[in-house]
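Dropping a structure here in structure tokens format, bear with me for questions.
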């Protein structure tokens, strides 16, 4: 079985400093793979590298990224753009700053469909409403017309998930999707994401909370300052950690 | 406190690295230096007139006489009228006036009746070079003094308003808005109309300084008030209050120093706008009055098309206004960038 | 939102009153009764002087005089201009309109050019376009407006195609409507472009700064992550967010415009409010000075108010503040 996403020897540097050091892992279809580590470990950098959205001083110095069998790094800029949002979706950490404050939530989710599909306006509207109820928003038409600041934190994050899945991508990258929420909401959002697995979507979950990862992920990669220190199925890594750092992380979240 | 100092050090370091800003700083030093030493540098006083040389073009300083190098001298110029009765200056090669250096406490002069007009003469035969540098004293000092007063006013009112909040803040901010509500030039004219006509030149100077200060203090006060408001809730202020430090001391020792850094940049920009404002006032004859020169009133000669076409050198004061204002603007902008933490992260 | 507007209007009304009192006090702070010098003026009849003395209750305390002045203003009696020998209102009307034309044209020019240039500079950051515009901006707002006006007039006199001042050509009255409009526009070219130059320079820098700030925001990254084409990211998302805060500037722009227009009007002989005020101040025409200043304040306030309302309409965060 060809994995959905295959990363090999990815190395990202800014100037002389290496942020990600020869990281390799696979994300199989319909599985949740988690990348765990403290802040500054390079987790978000990996996510942005996959989407080829690294800010200019950062450069990918070596490595390959294969998605659905295609080499992402070899794609033209235009082809890469078509891939984003359509084949790979992203959920960000802080929904208030990742939604444009001047447009309604519905309009912004609609944009994804408008750019990647040829559906008519009514068809897009229907699909957005469907997706909004899929993420368990209670009043989809009202949510559609709301501006980001009018929704509560939990509702906003659900809307962000909706924006990421509306075009039915096969891979969702979720960068600390629950860090800005309180505990009860965190659980709900994580369950929502877990259910996506059943819809044939894979999730690359970036988080620092090993407790959550233990619950949800199938595989986990432990990162420390850009280097992979451990990798494997969640059950194995959590119960039998090899590396010091992994042990420390587990302890921190007991 | 140490962290605060290093931030200021970093900012000034960043400023020093900005070559354009340092160049402007030195240029301003030159301008102010020339103004201070005007008595020494200029061959004539600002009132020294000779109607025989009205609108005389710049005098060329000669270094060669019949092919030999000699110490510098000027030829005599005589006023004449050409066929269509236009003013023309004819050079009389027979009469030479050598330049005397360091005579009578002046850098260079020529004996009467010779005249050395390096940058030409105005309508009354007064040396433009001398008038420009004497004028620099007025134009450059008015801006600084006006800003000093605005700054003190703004600091006091803004600091008090921001620190106390509540109704004190409301009342003081309404006062500010009132001043900001009248367009600057109109306010200047209105205030000027209130100045009695029989004021002598010193009193006029002081009035102009006060007027300038009054048009600009309000926006300064608002900025400072904003900063004071945000600082009020900070821990070190609350700690000082808990320790029983008096309000005034808190305002002066803790809040205001934090605002100084950003205020410096704003001050530079305010100086430049004051220099322009004074020029504007003087050019319409409502600022500093003749015979005391200021760059603005020197330009009032140049407001008609006819003099400009025949004596374009009378536009020179405008160039100096431009240079001074530009320098202050560049320095102000550079200071603002230097204190902006995001800028310093090498973006 | 309506409540917000009404609140603003009330406070600005109070401010206007304060401004008017301030102007009034200023005029009367000059030592000597203004009417003394008037009485000495042979051109003004004794009866006119007496009539106005009565109207303005000159022997009453200052506050009472002020009260009467305000009441008179509200009744349309704005005072008498001794220089022009007509009631102030007659003079103000046409001048106000002229200043308005000049300011409005200048506003269009400024915003029409500054916004695109600011965007362009931000997108081509630190390349030659940005650097050239940067130098140009600095030079433009460092040059005294009136000086630039003289330079431009000088150049225009050499070139010969543009009128050198004033608002109408001598044969204005004989022109058709279209001709009149064209003639006015021709006369507008020099004053309006000089006036716009310095505000355009600073606005362009602000737009550039805003644009750069917005481009650093997370929602721009998120928009790209959605696969939106770069043009949509820039012109739909970045531009609107960068432009919004500038709406508040519109009010202050108007103020700066009125202020700067005054000097340009004088140099280019444009018959507007600014040159009127100058004449009034020079001739110590008290009521004209007070009325012009008050009018300028009113215009400014209206400009600010409109800008406030515009901002409320354009930024949903403010518009829907109450609804949460």
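Letters are used for the chains, namely A, B and C, taken in the order the chains are written, and counting of residues starts over at 1 for each.
The rule we apply is simple: a residue touches a chain if its C-beta (ideal position, glycine included) is under 8 Å from a C-beta of that chain, and two chains touch if they have at least 3 such contacts.
In this text, all values refer to a predicted model and were calculated from it rather than measured experimentally.
Distance from each chain's C-alpha mean to the overall C-alpha mean is smallest for C.
When every chain is reduced to the mean of its CA atoms, the largest separation from chain C belongs to A. For the pair chain B and chain C, the distance between C-alpha centroids works out to 25 Å. Averaged C-alpha coordinates put the centre of chain A at 58 Å from the centre of chain B. For this pair, chain A with chain C, the centres built from the Cα atoms lie 52 Å apart. Chain A meets chain C in the complex at residues 51, 53, 81-86, 90, 92, 94, 97-103, 111-112, 115-116, 147, 149-150, 163.
Those residues of chain C that touch chain B in the complex are listed here as 11, 14-16, 18-19, 22-23, 26-27, 29-32, 138-139, 141-147, 150-151, 153-154, 157, 164, 255-256, 258-260, 262-263, 266-267, 274, 277-278, 280-282, 284, 289-290, 292-293, 296-297, 300-301. Across the complex, chain A is touched by residues 217-219, 221-229, 232, 237, 240-241, 244, 315-317, 320, 323-324 of chain C.
Residue ranges of chain B in contact with chain C, taken from their complex: 174, 177-178, 180-187, 189-196, 272, 276, 279-280, 283-286, 299, 302-303, 305, 308-309, 315, 318, 321-322, 325-326, 329-330, 333.
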